[in-house]
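Structure first, then comments.
Going in written order, the chains are labelled A, B, C and D, and every chain counts its residues from 1.
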Amino acid sequence: MRERDEDQDEDAPPGRLGRLRLRLYSQLDSDGWHGELMSPLNSAVAGMVALSCLAAALLTEPALAGLHPWLVRLLTVCAVFFTVEFAGRVWVKPESPHWRALGWRSLRGPTGWHASLDLLALAGIWIEVATGAGYGLSAMLRLLRLLRVFVSGSDTAMARAAREVTRAVHERRLELAVSFTVAGLVLMAASIAMYVAERAVQPEVFGSIPRAMWWSVVTLTTVGYGDATPVTAAGRVIAGLTALFSVALVALPAGIMAAAFSDALQRARRRRDPD
Amino acid sequence: MRERDEDQDEDAPPGRLGRLRLRLYSQLDSDGWHGELMSPLNSAVAGMVALSCLAAALLTEPALAGLHPWLVRLLTVCAVFFTVEFAGRVWVKPESPHWRALGWRSLRGPTGWHASLDLLALAGIWIEVATGAGYGLSAMLRLLRLLRVFVSGSDTAMARAAREVTRAVHERRLELAVSFTVAGLVLMAASIAMYVAERAVQPEVFGSIPRAMWWSVVTLTTVGYGDATPVTAAGRVIAGLTALFSVALVALPAGIMAAAFSDALQRARRRRDPD
Amino acid sequence: MRERDEDQDEDAPPGRLGRLRLRLYSQLDSDGWHGELMSPLNSAVAGMVALSCLAAALLTEPALAGLHPWLVRLLTVCAVFFTVEFAGRVWVKPESPHWRALGWRSLRGPTGWHASLDLLALAGIWIEVATGAGYGLSAMLRLLRLLRVFVSGSDTAMARAAREVTRAVHERRLELAVSFTVAGLVLMAASIAMYVAERAVQPEVFGSIPRAMWWSVVTLTTVGYGDATPVTAAGRVIAGLTALFSVALVALPAGIMAAAFSDALQRARRRRDPD
Amino acid sequence: MRERDEDQDEDAPPGRLGRLRLRLYSQLDSDGWHGELMSPLNSAVAGMVALSCLAAALLTEPALAGLHPWLVRLLTVCAVFFTVEFAGRVWVKPESPHWRALGWRSLRGPTGWHASLDLLALAGIWIEVATGAGYGLSAMLRLLRLLRVFVSGSDTAMARAAREVTRAVHERRLELAVSFTVAGLVLMAASIAMYVAERAVQPEVFGSIPRAMWWSVVTLTTVGYGDATPVTAAGRVIAGLTALFSVALVALPAGIMAAAFSDALQRARRRRDPD
């Protein structure tokens, strides 16, 4: 089990540098941290990610042109920070038990798809710095990094909660699929009925089924922009029924999720006190 | 127990054709398939149904006139596919245990109302192909077929989930009816109050109780198009109270459904582990 | 225990008229009927009430002036029907066990406040017939009658469901009050913040705290008419936070009600199977 | 244990003044009152607070200029009432067991931060009276007082309910944080996608990511003002998916809270009947 050059000193008693690496490891790697939330260092990383996303978003706003030089400077600071952080992740990686046990390929963290994501996000922010403009894709990559910093840790309480929510949704996926299928059929039926009722009066907004579907989805989710509203009596009756159905569209998934979370809580308690 | 001509070879050892029919049966008939979702072939059918609905919907959109010849070709392909699929369903039907045990009339699948639905949907798509136009009714028929392919299977996990959701709604139908009755009375009361408060100022939108009811239903379901909004102080107080009541209109059914699903989960667990 | 003249024949063996009265009693009085929903006769009454409300509402619509004579005729039919129904209720009343046991004053049904409501509603519809116009108050009175026909029966399944819903709301009234108190404080805080942020730019819609409260209530309930929307950056940040809080405003009561209904179901089951 | 001069007579048998102070204490101090809601006197205080907030809010409305002198008079009455109330709270304080046991500094009520809040609110209302204008900050201070009168009592049923709601939210804070994190990421992703899809057509409303975020938050919370709506086909597809996701944004927290409240109810019952 030969290690690579960056952790030659592994079997030796940890020197000053070794102790630093161990401390840095426990801060950076989610497997090395067991608190409720992230480690202070990862919290700082998350904050910098959010800050750099904000800066990139503000860079797209022409009304803030006066701020742009400052935002680019902020992005540069973030880019340098992320580069140092990436180097740190590569350096501390050999401390991870996964690294030793599973070999190079299956590593998570600075290698594997996590590392690819980190590298892509790093490339994205340097491109933003170089061109002095914010890009949606680059911000998305950073958001994905944020998600993984938050969630992918195996032992923080936040990661456990995320797994719990994901499992609850997964367990009830068929019931949720049924309620969304019903919603989809109601959406189609409402679109077709509205197209028939209103196309003569408002060809611009109800002149075809796809146009009526825009109205349907806006009504069924109770968003209700008001850019497409029925004016005929028949259309308003259809719209009223569709709107009432929107209550079911929210109540059914809410009820399904409530039962899933209740069930998860009860199983957790039963596991703790078997009788 | 004489069989019809299309399954004369039933008692004979299954030949090549017989094995094909048996395989096709297990793919096409929901009683012959026990996976979580539909069989691959039925998934393909569902996909084609969705595709043909989309094509018919897009055919009604004048802005896509350039696409119409391609959409008609797509519809033609779908129509041929559905015709072949229907023939296949008729051919494999004798494999079904229901067919033998219950006789011709009570059959489900290509016979009975399912078969009528299939035939009507088939006629609908051929009419669409012939006239080169999409029709709402025809798309609705196909959507109903989609629903039955999804749901009517007796043994897929999806069909069980659909039955579970339906049973939960059915068990709590009286409580749901109570909450919708209360919502209906609030809707009427809000309409009447708003008609009194706003009819002098905005006769166009609040000049009669039916017109005020349009506002009520849009507000009580929190759709809020904005095509009818109160401008007087009294009207705004009434509207505010109505809007606050809308929270109850969602919270009550959501709570009722949550209890129903929780109860169903607990009964299911009790059935598995009686103590 | 001398009875009044309308049930002199009470102690005598029931003749033809007596049997009719008994049958009519079991149809009209909610104590005499034990089905899931209302008796056929009371269902007809409920239908007539709904029909007469609809007619009165349509009478207020000037666009339907051509229909008005027919609506007045329909109202006249309803008025005659309700008069006969009221006479019937008075006639069958002595069959009620309450009538005998409790004396004249505490009677429910055609006497007591129920009877007063019936009489007022009867007066209302005759006034509508006489003037040929629909009145909101009269329609409200009939709606209240509808509510009592639905709910006040002691033994139909619908009435039990209504009591169950009412009890669940009543049991959790303090938790609901807490969540609405928090919502009210957020509403006030959002109004004040929005008034400060937007009053200079849009004095018409945010120029005072009461005007900003109209925006708050429309946003916090997610109705969102769009007649008052922030345009400054600060206003939009405040509006975004207020809108996000609206999720809590729905989720908290929904969760509280879900727990209340779950609890009620479990108590009901425990009562049936004590161990 | 030397007491201050305002309760010299404490060890003496309570005279007329002492009995008055004891009665006033049990009315004013939340520790001295054990009913379901507040004591009658505290209810009056809460009503005066609400009234004075209303008066201050109405003072900002220019359309009600004719009412302003009356509103200032009402505020003056409230200010005098609050001053007397504050003096009363100081006077009865020595009756509190906390006062004796814990010394001056850790007192709650007219001292500690509660007292500071009371004093600030008192200063605020006198400033309003002096200048004849309503101020948002002053109304906020009074609202905070209202909150504390409602909630901070240790033994009213309302305070227990508030603690129960708070604990349920606190226990599930990580699951709620997960669902809001997912919502935040969807919000960012929708903004970026919409910015790409619509910026060329509607630069005013979708010309930058921050502008698109305004649309996102309005859509994702289903407020839907309609001041920013997509017009391109791609934008409408993105908007439809975002709107459908809004169902999850409500259903997840509602389900989480439902499970939390159910769990709290069951633990409470288990504590009462251990088997």
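Everything that follows uses one rule, which is that a contact is a pair of C-beta atoms (placed from the backbone, for glycine too) under 8 Å apart; a residue touches a chain by one contact, two chains touch by 3 or more.
Going by UniProt, the chains are A, B, C, D = Voltage-gated potassium channel.
Owing to the predicted nature of the structure, the values given are computational and were not obtained by experimental measurement.
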item	value
Set of chains adjacent to chain C and to chain D	A, B
Same or different contact residues where chain C meets its copy chain B, judged by the half mark	different
Turn needed to bring chain A onto chain D - CA fit, degrees, nearest 5	90
Chain centre separation in whole Å, for chain C relative to chain B (CA means)	31
Whole-Å gap separating chain B and chain D, where each centre is the average of the chain's CA atoms	44
Residue numbers of chain C (touch at least two other chains)	213, 222-226, 250, 254-256, 258-260, 262
Of chain A, residues touching chain C in the complex	222-226, 254-255, 258, 262
List of chain B residues in touch with chain A within their complex	36, 53, 56-58, 60-63, 134, 136-137, 139-140, 143, 146-147, 150-151, 157-158, 160-162, 164-165, 168, 180, 210, 213-214, 217-218, 221-227, 249-250, 253-262, 264-266, 269
Complex contacts: residues of chain D adjacent to chain A	174-175, 177-179, 181, 185, 188-189, 191-193, 195-196, 207-211, 213, 219, 222-226, 229, 233, 236, 239-240, 243-244, 246-248, 250-252, 254-256, 258-259, 262-263
